[in-house]
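What follows is a set of notes on a single structure, which appears directly below.
The letters A, B, C and D name the chains in turn, as written, and every chain counts its residues from 1.
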Amino acid sequence: MGDVISLSVNIAGINLKNPVMVASGTFGYGEEYVPYVDLNIISAIVVKGLSITPREGNPPPRIVETSAGMLNSIGLQNIGIDSFINEKLPFLKKYNTKVIANFFGDSIDEYCEVVKRVDSVDGIHGLEMNISCPNKQEGWLEFGTNPDLTFRVVSAVRKHTKLPLIVKLSPNVTDVTIIAKAAADAGADAISLINTLSGMAIDIKTRKPKLANIVGGLSGPSIKPVALRMVWQVAKSVKLPIIGIGGIMTYEDALEFMIAGASAVQVGTANFIDPNVSEKIIHGIESYCEQNGINDINKIVGSVII
Amino acid sequence: MQVVVLENKRVIGSYFKMRLSYDGVLNALPGQFIMMKVNNSYDPLLSRPMSFHRIISPNPSLEKGGRGKFEILYQVVGKGTGIMSGLKEGDKIDILGPLGRGFLIPDWMDRAIIIAGGMGVAPMMALTEEISRHEVKKSKISISVFMGVKTKDDILCREDFERIGAEVYVSTEDGSLGKKGTCVDLLKELMTNTPLFSPPSEGGGCGGAIFACGPQGMLKAIAGIAMDKKILCQVSLDKRMACGTGACLGCVIKVKSQKYACVCKEGPVFDAGEINWEML
Amino acid sequence: MGDVISLSVNIAGINLKNPVMVASGTFGYGEEYVPYVDLNIISAIVVKGLSITPREGNPPPRIVETSAGMLNSIGLQNIGIDSFINEKLPFLKKYNTKVIANFFGDSIDEYCEVVKRVDSVDGIHGLEMNISCPNKQEGWLEFGTNPDLTFRVVSAVRKHTKLPLIVKLSPNVTDVTIIAKAAADAGADAISLINTLSGMAIDIKTRKPKLANIVGGLSGPSIKPVALRMVWQVAKSVKLPIIGIGGIMTYEDALEFMIAGASAVQVGTANFIDPNVSEKIIHGIESYCEQNGINDINKIVGSVII
Amino acid sequence: MQVVVLENKRVIGSYFKMRLSYDGVLNALPGQFIMMKVNNSYDPLLSRPMSFHRIISPNPSLEKGGRGKFEILYQVVGKGTGIMSGLKEGDKIDILGPLGRGFLIPDWMDRAIIIAGGMGVAPMMALTEEISRHEVKKSKISISVFMGVKTKDDILCREDFERIGAEVYVSTEDGSLGKKGTCVDLLKELMTNTPLFSPPSEGGGCGGAIFACGPQGMLKAIAGIAMDKKILCQVSLDKRMACGTGACLGCVIKVKSQKYACVCKEGPVFDAGEINWEML
């Protein structure tokens, strides 16, 4: 009690004042939430996934609510890396929060192109590579489900950047540790997981899929048990820092991930329901540490008792 | 933001009205909406979008300790609205808002045609109240409200509109009251009887404008008529929403520029001309 | 209206009076629910997974509630195939419901042994093979996640039985259609999916996993979108009848699966919450058919409009 | 089965009592329980096990149109019990039950020692009421109730027990009322002062028996004492449950035969000797 509790963590060289970031695609480019949230409280904003050129995304309907979750098929709509740097980043730089650029491509070249553009840009503190995309050049195999492709795309990107490189894993795989190891071997600085689970919903009145894109990504509390299991597995099998993502709604959820082995967490869908959820989670983690005599949050990372 | 239920009661059938109070300042405009978390369960998980039905200033004033209030009018159609209908006086609810762009009241308007299809009536009361407070060239704006519903039991707020001084015209699909047909038919009828026009943005004259909310098909028909006759027409759209703030990109529609626009942020009120009606 | 609606479906030669069965592990051996349910209404009871010898199962705690779901690590506790045949089957035979024996083994031999025992037993109408088990002989690779192993174990079992053989797939794979095809090639008569998703939960007070077995299987409404997506994928890629399983709570859920391509469904976790849920689902499907002018339930199978 | 809330009110602190009525026949025994679906949401998904606190026969009788009633006594500890505490008169709830095995009242018993730790008091009222209706050799059975709680504000139902004629002894962990300590201490005290024995199952004499419900550690200690002194002892266990019927195999404990037994079906009341206390 009374002691100062250190909540700061270091992920792949990025110093975070606390372990709570907001997840890509759930916080726009930050500015959307400015009327409701003090961005200075959030340790890092992972911006909506960026590509080398703007993307229109998928046709609507793009979202469906599910039991304790939601499906989205936004389809990576984004303004492109250049517009982000020119139009959005200057605004974000005004805040005392780290900016992590989430990015993707349809080919290894596209991934590398994005990285080349941002590598020397001031105000971007790290990169998060979304590998849940199909490789359009090589037969639509997903970069995130085939370890060889994972290794190749991460290695290629690694050559073009000195920025901290986080690789974000897809949960739609048989063995997530194999993909994690491939990313680690290719030079990733950290691993974040999970992205959304692939899912579907059908309207029984029209007999059409509820999403125009047929399938979408499942997020929210419903996926938490799967996410937590994968974080635990990956934390055991690679030496890199892990960022836990998936259904985090409360500080208890965040702590579960950290105890399982995550050095930090990202809050996604929960932002839609309460834009101030990160602040509440940070305070909750602090109280937990206080009540349990923990003076440094890093001490609980991976402290699960098996 | 947390609001407190002051009253929540059935109006008729599956329609309910809820009055809420809040601390501080809200600054809502007609056509704007809130995202309402109906309870603290994860099922349903997402907040529900609800328009401001009435925006009521604090009385006594905020400084004298008054609290702002607003009303929502809603239909029970599923899980979320079902839970809402069970809320009681004193219950606390988390909301986000006011969100989106509301209706713009042009300063040259001397005639407002307000068209509400079904539940589309919800935001139109706040709009009508607001318009009734405006004046153009020192005289009141004439307000006509066209309400289209399935059958006479679905007509809501008729007296309220009339009390504010609006003329109300009703259409029912089954002909049980007013004109048999839809409110598009009411508009067509008006157009054949009365010249209605919107002055060019630079002109000094007065003119009418259309405000519409309701099913997509109805809005499309109204937008077609309005654009054809060059009448200013604002429509309020209804799309499934997750965030309500423009962050998730879930609620998009195609606009004329061929781009996707978020209904929650760039709307829900759009100028009929902005929308790519073919792609809707 | 007024017309008789045919709800009967045929799965791999098993004639079912309606498409609603109860899933393995969620209805015991049937007798547990006799005080609450008229078993004659249910088209088929898939009994708790059976092995050649009795199994003790995992230590408790074995269940945790999650958001719109639950994790279980029962660990396939069962009385063994012989006790089932001698002690439970005679009772089940009294009812006008089909009995499907769900079974598993730790090796190909064990799978085959079970099948040899039941092949000529009167009162067992079909077999459901749970391949979500690790092959203890060959390095713990799961039968259900490695297509070669799937092919080998299903082929071996196929040789020992003429009973309708349903292969039940694990969802914890990168591409479920590959496993489905392996099962089909090996001679399966039908495919059922999904089994539970692998998940985890941690108690932040004790920092211990909430399940003694650390990980468990996620079931319930939370997994429905994933299950539905997989059923749709498999229905497109194999010619066998499909049984849809995963988070079915209502007739609407059941219809989603059938529209996606399932010829029948199994209700699992929902039984715990309402033992009469199958009856309600059957009535709901019937009303839906009536309202939509469908006189034969088979007409909606795979009728999704893409 | 659907039951209707007749009354649901706070007893003290986080403790609530709910009275429910049902149609038809329930035939519940003390120690049995129901699974209660607290609302129709999927969050929480599973039903909650709740013991019968009081089992009240229809009055007037069933034939004359009376309805059976029962009460549950519960503590708000989380989501499900939180929702329960908000239920109102007239609300309908789905339950499954009566489930499991209740307490057995031996016919030779002239002395009942009823031990309730914390919330373990819930089923003990039904048990005490039932025992008080029994007679042995034409005379009443003497009933002692030992209640162990944290602090004096957690003592529930004391007067109710006394009204039935039970002697109530209280222990509090903080010593704020009664003996400072736990109800295990109360039992130990009794054992040093009074000879307590259970007659051999074939004997014709009378004797005492112990009935206990509460935290696992307490039950283990009581079972130890009872088995040591060869006193018949029945304990009611509390395990997380999904189905409540023996179907899911989720609620198992190790019994003496080294096998797993379902608490919901083979329990929740076990003979202390049946349980493998080391493996619990």
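Note that in this section a contact is a pair of C-beta atoms (placed from the backbone, for glycine too) under 8 Å apart; a residue touches a chain by one contact, two chains touch by 3 or more.
This structure is a prediction, so every number in the text was calculated from the model and none was measured.
Trainee: Hey, what chains does subunit B share as contacts with subunit C?
Mentor: A chain counts here if it touches both subunit B and subunit C, which gives A, D.
Trainee: When the centre of a chain is set as the mean of its C-alpha atoms, what distance in Å lies between subunit A and subunit C?
Mentor: Subunit A and subunit C have C-alpha centres separated by 34 Å.
Trainee: Just the number, please: Cα centre separation of subunit C and subunit D in whole Å.
Mentor: 37
Trainee: Provide the C-alpha centroid distance between subunit A and subunit D, rounded to the nearest whole angstrom.
Mentor: Here subunit A and subunit D have centroids separated by 48 Å.
Trainee: On subunit B, where are the residues touching two or more other chains?
Mentor: 42-43
Trainee: If I count partner chains per residue in subunit C, which residues reach a count of at least 2?
Mentor: As it turns out, subunit C has residues touching two or more other chains at 67-69, 220-222.
Trainee: Draw the chains as points, connect those that touch, then say whether the picture is a line, ring, star, complete or other.
Mentor: It is complete, because no pair of chains fails to touch.
Trainee: Subunit D touches which residues of subunit C in the complex?
Mentor: Residue positions touching the partner: 25-28, 32-33, 36, 48, 56-57, 60-65, 67-70, 72, 74, 77, 220-222, 249, 269, 271-275.
Trainee: For subunit B, which residues are in contact with subunit D within the complex?
Mentor: Listed in rising order, the residues are 41-43.
Trainee: Which residues of subunit B touch subunit A once you look at their complex with the stated criterion?
Mentor: 37, 42-47, 94, 96, 239-253, 259-260, 265
Trainee: Please give the residue numbers of subunit A that touch subunit C in the complex, ascending.
Mentor: Going by the criterion above, the answer is residues 66-69, 71, 145, 172-175, 197-202, 204, 206-209, 214-215, 218, 220-226, 228-229, 232, 247, 252, 255-256, 259-260, 288, 300, 303-306.
Trainee: Sort out for me which residues of subunit C touch subunit B in the complex.
Mentor: Touch list, subunit C to subunit B: 67-68, 221.
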